[in-house]
Amino acid sequence: MHLNVQIQQEDFDVADEIEALTTDEAGAVATFTGLVRGGDGITGLVIEHYPGMTEREIRHIAEQAQARWTLITGITIIHRIGRLSVGERIVLVAVASAHRQSAFAACEFLMDYLKTRAPFWKQEARGEALSWVEHRASDDAAAERWRKP
Amino acid sequence: MHLNVQIQQEDFDVADEIEALTTDEAGAVATFTGLVRGGDGITGLVIEHYPGMTEREIRHIAEQAQARWTLITGITIIHRIGRLSVGERIVLVAVASAHRQSAFAACEFLMDYLKTRAPFWKQEARGEALSWVEHRASDDAAAERWRKP
Amino acid sequence: MNVLYFAWVRQKVGRSDEVIEHGPSLRTVGDLALLLASRGGGYAEAFADLRRLRAAVNQHHVGMDAPLAAGDEVAFFPPVTGG
Amino acid sequence: MNVLYFAWVRQKVGRSDEVIEHGPSLRTVGDLALLLASRGGGYAEAFADLRRLRAAVNQHHVGMDAPLAAGDEVAFFPPVTGG
């Protein structure tokens, strides 16, 4: 299986990533793009991570997805770090599969686990003021439902 | 809400479509891209549709999604028609929303309904030979689960 | 009424559309399907098993028991296979 | 052991990493956290409530009861907020 994990400051192009991911066996590609959302005075985000552990955790999560949905032919996960403005892309999860159900399910699974396992931390910027984003219990609940048989 | 429905022969660019769809209120974009899958001697597809009814049905499906997931800020649905080769894009469903759960759910809902309600018909091409694709009962079952309360 | 055919229904009847006059014997979509089947040839083949067919009236999915009126646009086609 | 701090833990302790010698009193991650809390100042603040903290040993998520050994890479951080 094609697996591409990248932690980077640079932006990415979703179309290019889908292109790189797909083969003739892929009938379906599901993607998720996370964006810096405005509102509440927010002007941007600052994201830090734990180099080394981040890549390791994400690869581990991707291997779990592959074991669970064997029709998957490729996974790309890109997470940006550093300072991002409102409207900028933060994260991309793209899953190619033979059929759509597994592409959707794995994409959602990967996002839920990324939110609860991958060592990233966000600060919200309101002009010069920075404040740490609190972990959301709803994200734990979202990840937890994949444990059910 | 931004709603863009297109039936066309021409290809599309997923990154451009996501760009056009997103606003500062969107924190999440889920997309589904359907591709012509190879294997079993297949060299391509020929897709026909019912002009007028197709657009009407797709708009109706999109309105249902919007009523169901009120956090949705935009929906783009593009379906290609005519002759397509293995590896080419067939369909794009893109949903922008404030949060990821509604983006994922609506994207999957739209694909399930597109498969069972939108008047498109596919022929598989194996070189010069064409054969009609049979409707799959599993697609009906996938659409049916959204009726549950 | 304007009657449209799609996919293999179109191929079997050998045309994509035709005009059929509405009359008292054509109360429902099913009545029209039976009339078309009675023409024999490709029509009989296309309309042999109505469970394999789907219909729309004025671009809305309907069952075979849906009523017909003069001026309706009626379409017959196989179950859809898009997406 | 190499000890790493991230996010507000790093800010409160005022550094991103330091070397702490492993010894018999540091049986678990929780023992190390208590040692750090006992330093007072920003350390005491960061390690005041261990339920707010998460830890990793050698880049794997662990609980506070995870054992420590010489040469381990130990990290303390808040619950993650990526994605």
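A, B, C and D are the chain letters, set down in written order, and residue numbers restart from 1 in every chain.
By our rule, a residue touches a chain if its C-beta (ideal position, glycine included) is under 8 Å from a C-beta of that chain, and two chains touch if they have at least 3 such contacts.
Because the structure is a prediction, the values reported are computed rather than measured.
Chemist: So which chains are sitting against chain A and chain C at once?
Modeler: Per touch definition, common to chain A and chain C: B.
Chemist: Does the complex stay in one piece without chain A, or which separate groups appear?
Modeler: B, C | D
Chemist: Measure off the straight-line distance from the CA centroid of chain A to the CA centroid of chain B, and report it in whole Å.
Modeler: 22
Chemist: Where the centres are mean C-alpha positions, what is the separation of chain C from chain D, in Å?
Modeler: Distance between chain centres: 73 Å.
Chemist: How many angstrom between the C-alpha centroids of chain D and chain A?
Modeler: 26
Chemist: Between chain B and chain D, what's the gap in Å when you average each chain's C-alpha atoms?
Modeler: 48
Chemist: Specify, in ascending order, the residues of chain C that touch 2 or more different other chains.
Modeler: Chain C, residues with two or more chain partners: not present.
Chemist: What parts of chain A, by residue number, touch at least two of the other chains?
Modeler: Those would be 34, 111.
Chemist: Mind listing the chain A positions that touch chain B in their complex?
Modeler: So the residues of chain A in touch with chain B come to 13-16, 18, 22, 24-39, 86-87, 98, 100-101, 103-104, 107-108, 111, 142.
Chemist: Using the touch definition from the top, list the residues of chain C that touch chain B in their complex.
Modeler: 4, 6-8, 56, 59-61, 75, 77-83
Chemist: Can you list the residues on chain A that touch chain D in the complex?
Modeler: That would be residues 34, 47-50, 52-53, 56-57, 79, 90-91, 111, 114-122, 132-135, 139 of chain A.
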